[in-house]
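Next come two complexes built around chain A: one with chain B, the other with chain C.
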Partner chain A sequence: MSGILAAGSTGLSGLTLALIASLALGVASGLLGTFVVLRRESLFGDMLSHAVFPGVVAGFFLSGWLAREGWVENAKNPLVILFCALVAGVLGAVVVTVLGRTTRLKQDARLGIVLSVFFAGGIALFGFGQPAGVQGFLYGQTAAIDATDLRLMLGAAAIVGVAVLLFRRPLLVVSFDEGYAHNLGYPVTWLTLMFSVLLTMSVVVAMQAVGVVLVSAMLITPAATAHLMTDRFPRMMALSVLFTILASVGGTLLSGSVSDFAAGPVIALCATALFVAAYVFAPRYGLAARFWHDRGQRQRIQRENVLKDIYRVLEREGFPAEGATVGTFEAERRLDREGAERELKMLEDAGALIRRNGGERLVLSEEGWRQAARVVRNHRLWELYLTNEAAYQADHVHDDAEIVEHLLGEEAIQRLEAELGFPKTDPHGSPIPQPSAPPIHTTS
Partner chain B sequence: MDLLAATDIIIPTKLLVWFGLACFFTALGCSQVGTFLVMRKMSLVGDAISHSVLPGIVLAFLVVGTLDSPWLLIGAGLSGVLATLLIELIHYRSRIKQDAAIGISFTSLFAIGVLLIGIYAKSVDLDPDCVIFGQVEYLQGYPRVEWWGVEFPRPLVSFAVVGVSATVVVAVLYRILLVSSFDPSLAASYGYFPAVVQLVLMGLTSFVVVSAFQAVGAILVIALLILPGATAYLCANRLPMILLLAGVHALLSSVGGVWLALSLGINTGAAVVLAGGGLFTLAWLFGPVDGVVLRVWLRRPGRDCS
Partner chain C sequence: MDVKDMTEGELPRAAAETDCCEPQQGRTAAGRSSHRVALETHDLTVTYRKRPVLYGIDVAIPEGNLIGIVGPNGAGKSTLIKAVMGVVRSTGGWVKVFGKPVKESLKRIGYVPQRESIDWEFPVTVMDVALMGTYGKLGPFRWVGEEQRRRAREALERVGMLPYAKRQIGNLSGGQQQRVFLARALAQDSDLYLMDEPFAGVDAATESAIVELLKDLRSQGKTVIVVHHDLQSAREYFDMLLLLNMRLVAFGPTAEVFTTELLQKTYGGRLTILSEMAEKAAREGTGKLHPKNEP
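Let's look at the complex of A and B:
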């Protein structure tokens, strides 16, 4: 609490500083996170956040030395620190690439090696003198951020934001299709290098907010959340920035109101909470949405199967005008009265079935007829296709057709019909119905 | 307690041996398990586990109150396995790819661990610095035991037990791990269910990670897991040789690292990793299989490329 309420040198309250820092964090890591997640290089960001650390420590030493020599006034000069961090980050990225060119080691091992050895270097370096302020990068310091830190964060975030806006297209093309980028004449190597530099900057910003380890949370989690919400890239970037800011503001406020421990883990957990919410409730890719969609599919398939059996009963009896009896339907579906009534009720509710003679006679409605005829046609066409074109035995095709009949779309069916020469009967001799034709009724 | 400055202490040989042995046993277990992680392209799952065991360790510590209890191993094992299950859950049940799933899982679990330390740090003796820096140096502060006239701190026993038993388990399961790493379908046909082997390997990883966690800290555990296997992979082609060389790497980097740490006065964990990184660089440059120098030598002009 004390950290948040302590007034900074700018005259702004600590809380205001923390909230402005959240904004910087949102722009810096939210924007680049979308690239990182879509490129499937999430752990590249993790590597960078650790590889940058020796640079940060060296930056503290260098800027302390420069301050003593009178070159700069502040012993914690943001520009010097950022520069050293960039050098270390880019060096790490280069080592990963060179290792890939010269050894058999896979990307995962290369990232792990660079990550840990660079970080160990940073810790060893830190041991020689322990400059004050490095802790802020190790553990994050959202709650105790001061004006100098904020300048560094805002500057880096501004550069990242402007660069991503200006170079959005080339960056996007290079991320997804390097060969295509080459063909367009883009300087691929430079763009890749620029991406590494920008990513390093956003890592430096995120480090100050949540600490070395949790940088990944800021880069990956909000962008992954956004990925669950939308398919469009600009929208994903906007959402990712929004989620990062939400997590950061929420985490700062929550950690401030609970106790004064570092806000980093609380911010990371807020980002996780947003992810879990999207994982369950996202409109299209969420668990709930997919559960309802799957349920709808299952119900449709069941409905189609029942309709198909009614059609077969009707067909066997020569399509009598008064319809099929419930008894024959039960026999066809191998059900007792109760089960049959349940299925019939389902069709009635869907408006596919009309029951006459006190419910004893089953007649298909227009809609029911069309659906039934479509499924039967799909089934028989597919059987014919398998026997004629794929050389299946006629008695082996039924099970396959049972599945495919529900999945074939109108266009596929039309092509299938044309391919087979608009056949009239299936391999077993049963006629293939046309759903567009009016219902067949014989007046018996 | 200042973990990092040890310069003004005069180091007795005893400390050198203790720290060296503690690091070696830790690195040995990690090297044997880690080699398989490298071979299976799962290095970063190892990294994820090394962070994810934190909440398990902290919770177990809060319950039992000491840092050298088997409950810590159990807690760590459970949260390590939880991490792998979370990764699978996110990865298979949504459009999120595996790399992002790893990142989301381990950062969440690590954050919970740090949060727990933050909440309870005042009431218990648990230092957030241990998480980053490790605490081989704390060995001095532990009660000593004496066997056959040799005196050593008690945690050294648990380091040794973990390191040796992990090595033994790898040796016993060698065939299963070998086949399932290089030919999963053949392994499945032998009845080595891939999911089970995977889970066993993850459990084993969590097991060695706990002691590595205490020795070098959460972040550098990945180095103990990967560096030996990767270094050996640059020097040999056959798995038994790779495992042996990984063990040698563990020994050399521990001894070298502890010597480096004590003579320069830097953090032991970082020094062990730097020594290991140095060995890796040597293998990278001069290794007999993948060495850069060897390759340049082979490609030198005038040589017949047969």
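Let's look at the complex of A and C:
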């Protein structure tokens, strides 16, 4: 790492430095963003980014003074700046906590007060001497980063990465179920404090990349995107890091291709583009997935309803081996020929229906029979349950059963059957079929 | 079952502490019996936003029982458990578990928090939650191995949740969610279980399955303390009851403390004047009323 940095001041191009900075940003804010989002502390992260700013300005002054006195070499010493930033960040967090203990103010008001007053203080402080380099923290400087900045970013990112790796389980448990963290003997207060310190470090890293105001975009958006993508915690962390890096690299390259365009906002926009993509296309929670899922459900319910009606027709006619006629099916479904054909084709395509006699006779396949018997059983069991156990009148139960018949799983059915004493008939006297039993009429 | 017969036969005189505010000297009656004490509190006091929630609770709960904590809403039932666990800070008194301060006995305690305290959208699976039960003995830095996974699987198996191991916890019914958190406590393999409303929002089938599990734990000599809000079933489920209404009203074998008089005392309104005065004292800054011994 030091090799890269030594070369940095001379050898590496600005673009290479920016790309390495993107990695640091990904690790630091991508990892901690996961916790921020899951702990519902997004506004806290925003507060920290503003609270840290006066610390950065003070760090520049202090570092400059130390350099003049000959204590440090560089007027922009990363360690001094990081230290001052940490002090300011922790101070901001302490003020928020103290206000909480001593006033009736809610968290959001407390965060708002601290956020604005610290930021205002930072700007005022900046006016005193306007040290060169502070601008980079205010607006972000991904494209113009130098080796000293990079050293600060990499150092902070390394600390964050190692700490999250070492304390992954305590941090997970404290974020998920704080009461249980006490049970495991984790030092909850210390962990929370450590988290604030790490968060401050990642804020410092993100500030250099995108500037004070957009820090929360880097902390929140990639982690939120990852949350839409997965139900696994380690995967969410990995995706959050990946999205941060993608946004940062993409933003840097894009802003580089348009001259004089600040990288920070473009990086934030890239992160948002990823979010929008996940919002639409995420495998399980995306709009498209939900649309397909709902559509699949509607189709299944429709198929089950049609099968149920064929079953009813067959039952009424004593399960004739030659099947039901299309005419009786039309009458049962109250459809014209065209509508009936559409539904029958749907069942045929699903392999549930076989048509005989030039299509005039309808016979259920094994699979079709199983599905039909299952939904009829569900319907009748539910009617029985409502009349027997929930004291419904027999003529009030049909509509409920029309919905529930599609929802009952095997486990619920087993409990229902046991509770009802394995009944044979429903409240109207119709027999309850067994889907596992062979079809009453033969299909072969 | 032996243990159960023994405890029911021999259980100690009720350690009912009905007289308000008289500090108890030494051990309670239960503590002196042949049984060792699982959980002991002395003058345990908790205030929340200056409002007293629990006043000077003295109780000694013997090992190997199924104990219900009952009382009206706002009686401080959950607070008592949380204060024992250190989740809420007590403002006075002390707690011992198996004769040692709680911090030294944590590995012997399994805590099941209230369901409402959990964020069900959190990206963890049923297996992940059960694995957390093994973290205590694993220590913070070692990786989870096959041994831990085996224990988590066994615990899930015991509550019938193994088939759902890969599910995200939000995609479960209320009863299933509760069983996952029981499995986590089982994976800890503790001696004392503290459960905060494990029957809340749970269907009847799960409730009876949980009761069977708790009885099973008791027959292995474990102590199980359950916050419970339904008096009817409390009588049926628990060997011993702790009647609570900001003060300890009574503690003892169910048969002895489930009396009209004690229940009336528990449910018959708050200690209104006491709590008003304590609150006023705190507000006016004239000195705190109950907690004599600030930590």
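To be clear about the criterion, the second predicted complex is superposed on the first by the 431 of 444 C-alpha atoms of A that agree within 3 Å, B and C clash if a C-alpha of one lies under 4 Å from a C-alpha of the other, contacts with A are read in each partner's own complex, and residues count from 1 in each chain.
Please note the rule applied: contacts are C-beta pairs under 8 Å (C-beta built on N, C-alpha and C of every residue); 3 or more make two chains touch, one makes a residue touch a chain.
Given the structure is predicted, the values throughout are model-derived calculations rather than measurements.
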**Prompt:** Regarding the shared-chain residue A:132, is it in contact with chain B (first), chain C (second), both, or neither?
**Reply:** neither
**Request:** Examine A:227 and indicate which partner it touches, taking first as chain B and second as chain C; both and neither are also allowed.
**Result:** both
**Message:** Touch test for A:166: chain B only (first), chain C only (second), both, or neither?
**Reply:** second
**Message:** Once chain A of both complexes is superposed, is A:212 in touch with chain B (first), chain C (second), both, or neither?
**Reply:** first
**Message:** On the A-aligned overlay, A:179 touches which partner chain: chain B = first, chain C = second, or both, or neither?
**Reply:** second
**Request:** Scan A:123 for contacts with chain B and chain C and give back first, second, both or neither.
**Result:** first
**chain A residues touched - chain C or chain B, whichever exceeds** = B
**Message:** Between chain B and chain C, whom does A:277 touch in the aligned arrangement: first, second, both, or neither?
**Reply:** neither
**Message:** Applying the document's definition of touch, where does A:108 land relative to chain B and chain C: first, second, both, or neither?
**Reply:** first
**Asked** Does chain B (first) or chain C (second) touch A:147, or do both, or does neither?
**Response** neither
**Item:** Overlap of chain C and chain B interfaces on chain A (superposed complexes)
**Value:** 227
**Request:** Going by the contact rule at the top, pick out the chain A residues touching chain B in the complex.
**Result:** 37, 40-43, 45-46, 50, 99, 102-106, 108-109, 111-113, 115-117, 119-121, 123-124, 126-128, 130, 138-139, 212-214, 216-217, 219-221, 223-224, 227-228, 259, 261-262, 264-266, 268-269, 272, 275, 279, 285, 287
**Complete:** Per the touch rule, the chain A residues reaching chain C in their complex are 38, 166-167, 169-170, 172-173, 175-180, 182-186, 227, 230-233, 235-236, 415
**Request:** Spell out the part of chain C that touches chain A in their complex, as residue ranges.
**Result:** 82, 85-87, 103, 106-107, 109-111, 113, 117-119, 122-125, 128, 132, 135-136, 138, 140-141, 168, 184, 188, 205
**Touching residues on chain B, where the partner in the complex is chain A** = 4-5, 38, 41-44, 46-47, 51, 90, 93-97, 99-100, 102-104, 106-108, 110-112, 114-115, 118-119, 121, 128, 132-133, 218-220, 222-223, 225-227, 229-230, 233-234, 264-267, 269-271, 273-274, 276-277, 280, 284, 289-290, 292, 295
